[in-house]
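Everything on this sheet refers to the single structure shown next.
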């Protein structure tokens, strides 16, 4: 069934809201009253979707129907400043969530499929532990993008996260599989302890990128503040997969002017404390 | 008064094996229904146990539920808690965790399985105050703890005394003092000498490896402490975790320890971990049959199994060197804590997988012990929670014991070579409900010396578990119809309906009231706390109950 | 005068437990073996500079203050319970229970 | 700490200055203490200090490495690599944290050579860039060290019972800090449920402050938010919070006028005593009463 | 029928199912792409002696890495044989060539078949001796094998499908010059068809074969019915008088349709002066599954 539901926030709340229910699966086949009655947690009390949002069930948007995700699971369209709404799109398996505005933390966490598009900013733990699907954020994201919650050995295990703006610390930390790409800059400890997968930072990355990584690739298109002493320099070359990844990123809407598909990279192996099978690729073209 | 009617009562202590009987309860105790006016009985609050088995409340002889290392385990494994949560209700507080549950959750989960008494199996005296603080926050259960002494400096100093008479006498003074200092219930020995050895960076201790600084051997430690425990008449014998836990071929060490201790009442804990033979290439095989044979011939010995449960868990033991070995082997997280002059402890998360040969053998060895040891009063059900698995797996293990077909159905899930290394799949024995009652409550209570627990005779604590009789024994034991704690209904249909505070069980044998001067001086020389601040105060015991020594 | 032996100093995480404290007329008059900071803390704790119980700056009884605190916390929709670092574990337990009841957040200064 | 006193022949102080902050630490528990197997006290031990500036603690060390701030993680990483015998190229890694690689080799060799080493680390490690990840890395360093010898690490905890608060919270909630009960069960997430970021985001609508002085210790924006919401302060003393707190409740100081349990930095719990009478109830009594009244109000 | 005066014999070419795969070779420039492709497809004229048949299909329409690429088709009698040869040829001829990379060209022309893949990159990776790594991009796994010059990138798996091997036709001409000119014209014409290759040198075979031999150790021998020099003494000769030279075009393709189309274009182009007859080889229709009737194709 093809559903297109639009929720428009009337007034942003002054307390954090747990919004686990805001995933397409909760909306499919429901009428306006059912949707309005879906639960949210405002601070420590239960409220409903209707307490905050104007609910509209729209005819299938032919534009949205173009994407495979929306055809399969319907589209949930959220409008307004949802920066205090946490857990939007958490555990979604299909369909598409489009947010015109910003979202709070844990957006798309544990996602297994579908698409989450945020035309605004995202909070911490964006796509944490996600295993499939794709997330696109037009603005910036907080800390722990695609990372693991405390105690887990692995964070994200599949899918892709694409951030056009900046990201905070620990981008892609403990990544097991998948792609995290940040167009802008990021904080410390990008790809910390990653097991495999790809983390790409377009802008400035701060310190300790790739620290304790086991396998996988950290691609830095802008020179970082420092490279961990536990990485060993290899050589300068153009990795054979880079043109392929470059094209793939372009498909996701991430363009890096000045970084060509034939760009050459300084290659480092590390972290030697964890076996040294990971790599940092440091783009040379950019300067 | 309250009565439980129409249930099939399994009270092996009194030879009652499934007969329909009514149980009467008054003031938290079981009372005799004889001579009761039928009219009076009708007016009583009545629980209908038709179609149910009525058993004494469960008594766990060895579990890790409170204290420094358990709490470190909680900190180490937040990921265990996220998916296992209990929201507050009108009668319960919130809780979380499965492998290392929070204190309230521990009480609730045990109670929901029909357990009413649980012992924390390893508490170093200097950290006993912490263990008691946590025990105070475990509802639903009577609890107690065992004080670890196998690597204690003062104990070794006394054992080093060349004069055997004086040595025995001083040990008979020191052991009660340590029990009182830690308000403990029994004497625990963990890898005697081996932990101290490790602090010296030495290899694993054999029975006759001299332990620095005195050169006391593990053999001397276990015999000395076993003698002391015997002569003090402690309700529970020495609770021994042997050397070489987990090593292939360790059954030789275990048998040698048994020979040394033959004639002394001893409880060998998590024997599964000490029952491995060795192939020519150094691989694991089962040594369970040899140990079972030995136990069959030695009624003074008992054991609990420490049955492996497949899945994730966290090992935690005072056997610090073993934990470090495990950490290096698995590349897993590791926590360690050396406890001043008394021992150590370590923590490593593990996953037991049926397709891993060693794990499959461990799993089979535990079941073999349970099935090969003839007398159920000598072998008890534990998972050494959470080392071999969480206690919440007890119903599943009971099913494995009661249903041979189900047990055999596991063969295909296991590593294929397990068949050659064990005899489990040649065993047809099936436990009946009475035997289950023995290994989970009657036997453990008796071995702990708790005369008012583990049975349903008049005068017993009214700790009762009522299970619906189902063909799926795992389902039966995982959702009791009723659980009563001290005569009050606390669980109905598997759900907590009331919270009750249990008692703390401890002992008070005669011994040193104060340390003799030389030991006090030693204490001052090696401890960083003052003697005056060492003994656990009365404030840390909720509803204390002193179990008398024999 | 009372002499307390083997007193535990509560200032830092060392918990030195060998202090000797002299008390006279319910006031600490002497501290031995403690470090300077510990000694000062003991004297300070003995010195009556407690704030008067108050609500919005108005002096009230302890009971009234507790009542008002309970009212505030019961009403709150996202209360924060913070501190715990210099009090007993017995008090910390009560704080956890309050956090549970008020469905609030509890944190201590060791957080990051 | 008994083990440090009795066994340690190598002591490393890193990012801590016990001579000034834990003044009796050295003589009772660490470098200066005479223990069972360390009868010579200081003479029998090697002492290494790592800090960003000279302190009285570093002055007493056999080896002092003055490091550039914010490099804890790098230092731990390099020491790990050295302990693991990894090749480090001098041309690439001439210095770490401003200290030549040769000096770090010396530290690594000292660790390998010792019989029983103890690392005490303080705020310089835990509160510098990387915070909890630094502690994780120091933990890995300790693991690597244990391949060679017995080596032990301990955080120098500040306030008397901050460790106790971690312990109590852990056994009751499952987590040592940063716990939220909005859903009726405990959720743990430092950052999301930590005091500083929460106040910075302006989330709490009421606060109960016990046994700490946010007015003195927290940053200005955090205090600003606290001042804008109903705040209850419970403290034995006037402090920088009590003048503006909505409700102020004086209590008896723990360990002086109220008894109870404190946890030492190495998890040894001790009972603190009541030495004098206070006109005020203890924290425990106030909070127990408050809990009952909250319960009553919520059930009403 | 006759085209341009050349007789088209009313017979059919008999062809067999073969397992095919498309390998897309890229390199820094056309020169090195061609070197790698030539080496990989070299000595792959007939399964009889080479174990595989292969050829360069043409320039890649697009390449994953945006570099110049050539598509090569490989045909083997079984999936196993195909895998074995691909491993050898990619490993020895493509991986060894400077700047090369190697991708699965896909088989879009065979959508109806159950997709089956061979783990070519998944096995060649072991050349990396533990230092290989993989990269998943858009759901596709590439292996990266360190080599002295940089790294060799190859798809983890390659699609295979059942194609057609042994499509053919014979050009019977008055002179060897005429035969060769006609055959060359046919090869040029077939070059426009995607999905087919002509495995023999330059696309042309002169030593066409028959099944079997009088010698026990040979599975095939010279196609005596088409050899002009023994026309007089071979009873079963099919050569009309005046034919002095015969050349054969052998076509392997991914589908019967493309083989048919290649045959059609090839025959048309070969109908030139000096060519007497065009016919095709078959075994009476008993052995091969695919039959390509020349006259039907051309009408």
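Letters A, B, C, D and E mark the chains as written, and numbering starts fresh at 1 in each.
Here is the rule we go by: a contact is a pair of C-beta atoms (placed from the backbone, for glycine too) under 8 Å apart; a residue touches a chain by one contact, two chains touch by 3 or more.
Given the structure is predicted, the values throughout are model-derived calculations rather than measurements.
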Legend entry - Any chain that touches subunit D and subunit B: A, C
Inset, instruction - Go through A-B and A-D and name the pair with more C-beta contacts between its chains. - result: A-D
Legend entry - Taking each chain's C-alpha mean as its centre, the one farthest from subunit E: C
Inset, instruction - Averaged over CA atoms, how far is the centre of subunit C from the centre of subunit D? Could you give it in whole Å? - result: 19
Legend entry - Euclidean distance of C-alpha centroids - subunit D vs subunit E, Å: 73
Legend entry - Inter-chain centre distance, subunit A versus subunit E - centres from mean C-alpha coordinates, in Å: 47
Inset, instruction - Round to the nearest whole Å and give the separation of the Cα centres of subunit A and subunit C. - result: 44
Inset, instruction - Scan subunit B for residues touching two or more other chains and write them down. - result: 78, 82, 88, 94, 133, 137, 529, 533
Legend entry - Junction residues of subunit C - those touching two or more other chains: 8, 17, 77-78, 89, 93, 97, 100-104
Inset, instruction - Two or more other chains in contact with one residue: find those residues in subunit A. - result: 15-16, 43-44, 149-150
Legend entry - Touching pairs - complete list by chain label: A-B, A-C, A-D, A-E, B-C, B-D, C-D
Inset, instruction - Quick one: which bits of subunit D touch subunit A in the complex? Just the residue numbers, please. - result: 73-74, 77-78, 80-81, 84, 86-89, 92-93, 96, 129-130, 133, 137, 140, 144, 181-183, 188-192, 202-203, 205
Inset, instruction - Spell out the residues on subunit A that touch subunit D in their complex, using ranges where they run on. - result: 14-16, 18, 41, 43-44, 105, 124-125, 143-144, 149-150, 170, 188-189, 192, 207-208, 211-212, 228-230, 232-233, 271-273, 276
Inset, instruction - Spell out the part of subunit D that touches subunit C in their complex, as residue ranges. - result: 21-25, 28-29, 126, 131-132, 156-169, 172-173, 176-184, 190-191, 193-196, 198-199, 203-212, 214, 217, 230, 232, 235-238, 242, 246-251, 253-265, 268-273, 275-284, 286-291, 293-298
Legend entry - Interface residues, subunit A side, partner subunit B - complex: 149-152
Legend entry - Residues on subunit B engaged by subunit C in the complex (per definition of touch): 88, 93-94, 133, 137, 529-530, 532-533
